[in-house]
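Before anything else, here is the set of structures, which you'll find just below.
Shared between the two complexes below is chain A, which pairs with chain B and chain C, respectively.
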Partner chain A sequence: MIKITLMIIAFLMAVAVGILAGPAALDAQIIQLRVWRVVLGIFAGGVLAFCGCLLQGLFGNPLVEPYTLGSASGAALGASIGILIFGAISPILAFLGSLGTGLFVYTVARIEGGLLRDRLILAGVVMSFLCSSLVMIIMVVGGRELYEILYLLMGYLGVIINSSNRMMIIVLIIISLGLVAFLYRFHRELDIISQGSETAAGLGINIQTFSIIVFFSSALLIGLTVSIVGAIGFVGLIVPHVSKLLFGPKHRFNLGASFILGATFLLFADALSRVITVYELPVGVVTSLVGVPFFIFLYKR
Partner chain B sequence: MNALQVINARFHYDTSVVIDNVSLSLTKGEFLGIIGPNGAGKSTMLRLMCGILKPRSGDITLFDKTLSEQSQKTIARQIAFVPQETHFTLNFTVEDVVMLGRYPYQRPFAREEKKDFEAIDYAIAAAQVEHLRKRPINSLSSGERQRVVIARALAQVPRILLLDEPTSHLDLHHQYSIMESLKKLNAEGLTVAVVHHDLNLASLYCARLVLMHGGRIVASGTPNKLINEETLNQVYGAKVRIVQHPDRGVPQIFLHTE
Partner chain C sequence: MTEILFSIGAGDKIVGVTTFCTFPPEAKEITKVGDFSHPSIERIIGLNPDLVIVNLPEQSRVKKELDKLKVKTFVSSPASLSELYSELAALGTELGQRRAADSLISYMKQNLQAVTPAERRRVYIEISPRPLITIGSATFLNDLIHDAGGVNIFTDLSKDYPVVTQEAVIARNPEVIIVLHPLDITGRVGWQSIHAIKNGNIYGNLDPDQLMRPGPRLVDGFRKLREILND
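Take a look at the complex of A and B:
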């Protein structure tokens, strides 16, 4: 109970910091911008950490997350193709990008009766580089500002919300939260799958169907998130581990706690990105600065 | 009464035939041992029997109902399967691991109910892991972990328990205590089938044995009838000597050297 209370307090503090922190003086307009920013932070941080928890559970691999799996970069590629063609973000193309890279990585890592952990990460990192390069090419050829590339590749919560995109973003957030609620029901299946696919099959889980549902849904979630705020790395890696340290290995607690902790982490990271330098940094810069050492620590363990 | 019946089942991975037209009946309440050399198809047979693998042709019935027509959860309420080795990538407590055996009875989103707690209490007692109940699973020895996996299987409240080499890699104490637990459960009415490659243990504990070789059942019967030097020489390609167990009179096998 104490841990849950502390988690909620940290979350509320993150919301307050998210609204208050920053160089400019607070006025009604700034507050409105910041509130949107906080909403996006809660949504993106929550969803990415939730997906990280889900994918780590499904693959039984502590290093997997939307970014290391290549899905986030794939989504960024899809989104940038959308910008090139339609001049606007395209959630569907982002989803297809995320799904495509995810499937590629999955196929590479798949061997008879299982997945090779290390290959999953290697293939993911390679795909991530490939997609990033392609995004660069598309943006440069398309004559877009470098700023827009950085935003897609590193993530940025300060998206300008106006009458043209407000409805779409609200709808995407609602769809995502619905998917999160739907996927939460699988907490027992994920617990069981951590003990091997034969155990899972013996207890009555259809592994193939289950994997497809979870993999497909998380690709969709990653695609939706990236199409709004870009590919923010390492939230999905760090947060589920912190959650596990706090609440133990059961997914019943971890899926929910990952969402709240992920939102908290991203809000703090975003506030930091606003105050470190005179310029605003993409929030992914801050999450990577924290995330890379953490990744190395996990890999060495 | 037949608890489980395999009728002319065939199974193959890619091109190599693993199970070649096998028929086998598991009678309600019996203690069956499946023995045979490496690669004989024993483990595959066990996986067919619990529905993890589907036969390419032939039929399997569970209390006279076709296995493939039942949902995997329905099957898991009747047959529990203990794999040879379980890796625990997440460090659950023993109690939590056993509770996962209740999965076939639970609905999504629903919390554990009174009958779930009763079932795991029974399972934990029957597998003799009461003293380990609150311990993290990865702090246990491999023998203790195997007992926990058996407890998880018993939490399914199965009518049939299938085990794949439950005592391999275990010391004498754990071999003995696990086999004794299974014997007791069998005496209480649970139907048990065990894949064994330890022929002496199989002979000592199983009322009936089937001997597999090259994806087929080549012999079936009581240990006394089935275990003889000629058959084993033929199937295993090793020279053996057979003596009677000093207490139980069942055959025990020794390698023969000059």
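Take a look at the complex of A and C:
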């Protein structure tokens, strides 16, 4: 109970810091700007960590996350193609990229009656490399859009909200949160599956169908997230581990805690980057810079 | 650079250009060696040039390769108007067109004369919206704004093209915004308190080539800047 309270306090502090910290004097306009940034931070950090937790549970592998499964890179590739063709990021292409790599990885890792976990990661990493190479080609061909794609690859929360994209972002966030709620309902099944597929099958869970639902819903979630804030790394990998360290293996707590901790972590990282410099740093840079020492500290303690 | 060569009468000496070199129209007829940041070294060598003009920092890789192959290069990276003038003079000497280069320099100096208003208007230049890219002090556009009677709100940043936060722009509250991309910026959340947005001082109709490419066309860009900053 005390841990949950502390987590909530940390989250609220992160929101407060996100709104109060920054170079400009606080007025109605700045508050609006920062509230949006905080909303994006909660959304992106939460969804990525949630997906990481979900996938780690499903595949019983601590290395699985949106990046290592290739989904994030696939989404970034889709989004880059959108930039090249339409001059703007397209959520549909990002989703298709994420789904396409997901499909490939899934096909490679699938065997009779289940998934080979090691092969899953291997295929995911291989696809990540492929997508990154394709993105590099697009960067070279596109030229002028180089920076846009670079920021897309590292992720950033400084997205400009204006009258033309506001509605779309709100809708995408609502869809994503709906998906998160939908997936959260499977926490019991996840607990059983992470104990071993025989047990799960014995309890009447169709693992194949279940994996497909979870796998592709998370691909959709990752595609949506990347299309708004880019492919922010590190959060999806590390936050679920921290959550497990704090709350144990039960997914009922873990999924929710991953969401809140992911959001908290991303908000702090972003506030830090805004306070120390007028330059817009890709938030993925800051998450790694801040996250790695924190992670080592936590595990060595 | 291509347009500078044409304007000092050395256009007929050019054997290869990049796809970026679109002015004057004759430049488009010349053999292409690739795009601005990634030209093909092999194609450059294939043209057997006596001199390769490279722009730094974008083409530093090209320069390195050419140095290795002992191909003579002329480096261009004007971070200010005065650097641009001295580059022009050096290039004129190099190409045996010193007199033409000198007359281009004096034409530009004459037409880019600094005005000193009592109060300088704060200017924000937006090159790209995602992420926000503006100009720092290591650009001749920074000088152009100053000489036209304004001051770049990011002149304290020593970089050439810094990526900045929305908040930094809002905190520096520009009086004039010059947009060098085609998107509308007026409906942005959080930007409504900015002086330039409240007063409609947003200019999106300037030709980026007249402000960001070194050469005689800067005179036209400068004229427009002066009008905007002193009306």
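Everything that follows uses one rule, which is that the second predicted complex is superposed on the first by the 263 of 301 C-alpha atoms of A that agree within 3 Å, B and C clash if a C-alpha of one lies under 4 Å from a C-alpha of the other, contacts with A are read in each partner's own complex, and residues count from 1 in each chain.
As a working rule, contacts are C-beta pairs under 8 Å (C-beta built on N, C-alpha and C of every residue); 3 or more make two chains touch, one makes a residue touch a chain.
Fair warning: this is a prediction, and the values are worked out from it, not measured in the lab.
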| item | value |
| --- | --- |
| Side-by-side fit of chain B and chain C on chain A, or clash | fit |
| Contacts of A:Ile8 with chain B and chain C, given as first, second, both or neither | neither |
| If touched residues of chain A are counted for chain B and for chain C, the larger one | C |
| Partner chain(s) touched by A:Pro249 [first = chain B, second = chain C, both, neither] | first |
| First, second, both or neither for A:Ile296, with chain B first and chain C second | neither |
| First, second, both or neither for A:Glu280, with chain B first and chain C second | second |
| Which superposed partner A:Arg185 touches (first chain B, second chain C, both, neither) | first |
| After superposition on chain A, the shortest CA separation from chain B to chain C (Å) | 39 |
| Chain B and chain C contact sites that coincide on chain A, given as residue numbers | none |
| Chain A-touching residues of chain C, taken from the complex the two chains share | 35-38, 128-133, 154, 157, 162-168, 170-171, 184-185, 187-193 |
| Residues of chain A that touch chain B when the two form their complex | 60, 185-186, 188-189, 191-192, 194-196, 198-199, 201-206, 248-250 |
| Complex contacts: residues of chain A adjacent to chain C | 22-25, 27-30, 32-34, 36, 140, 143, 146-148, 151, 156, 158-164, 166, 274, 278-280 |
| Interface residues, chain B side, partner chain A - complex | 47, 50, 52, 71-77, 80-81, 83, 86-92, 96-97, 100-101, 103-104, 106, 108-109, 156 |
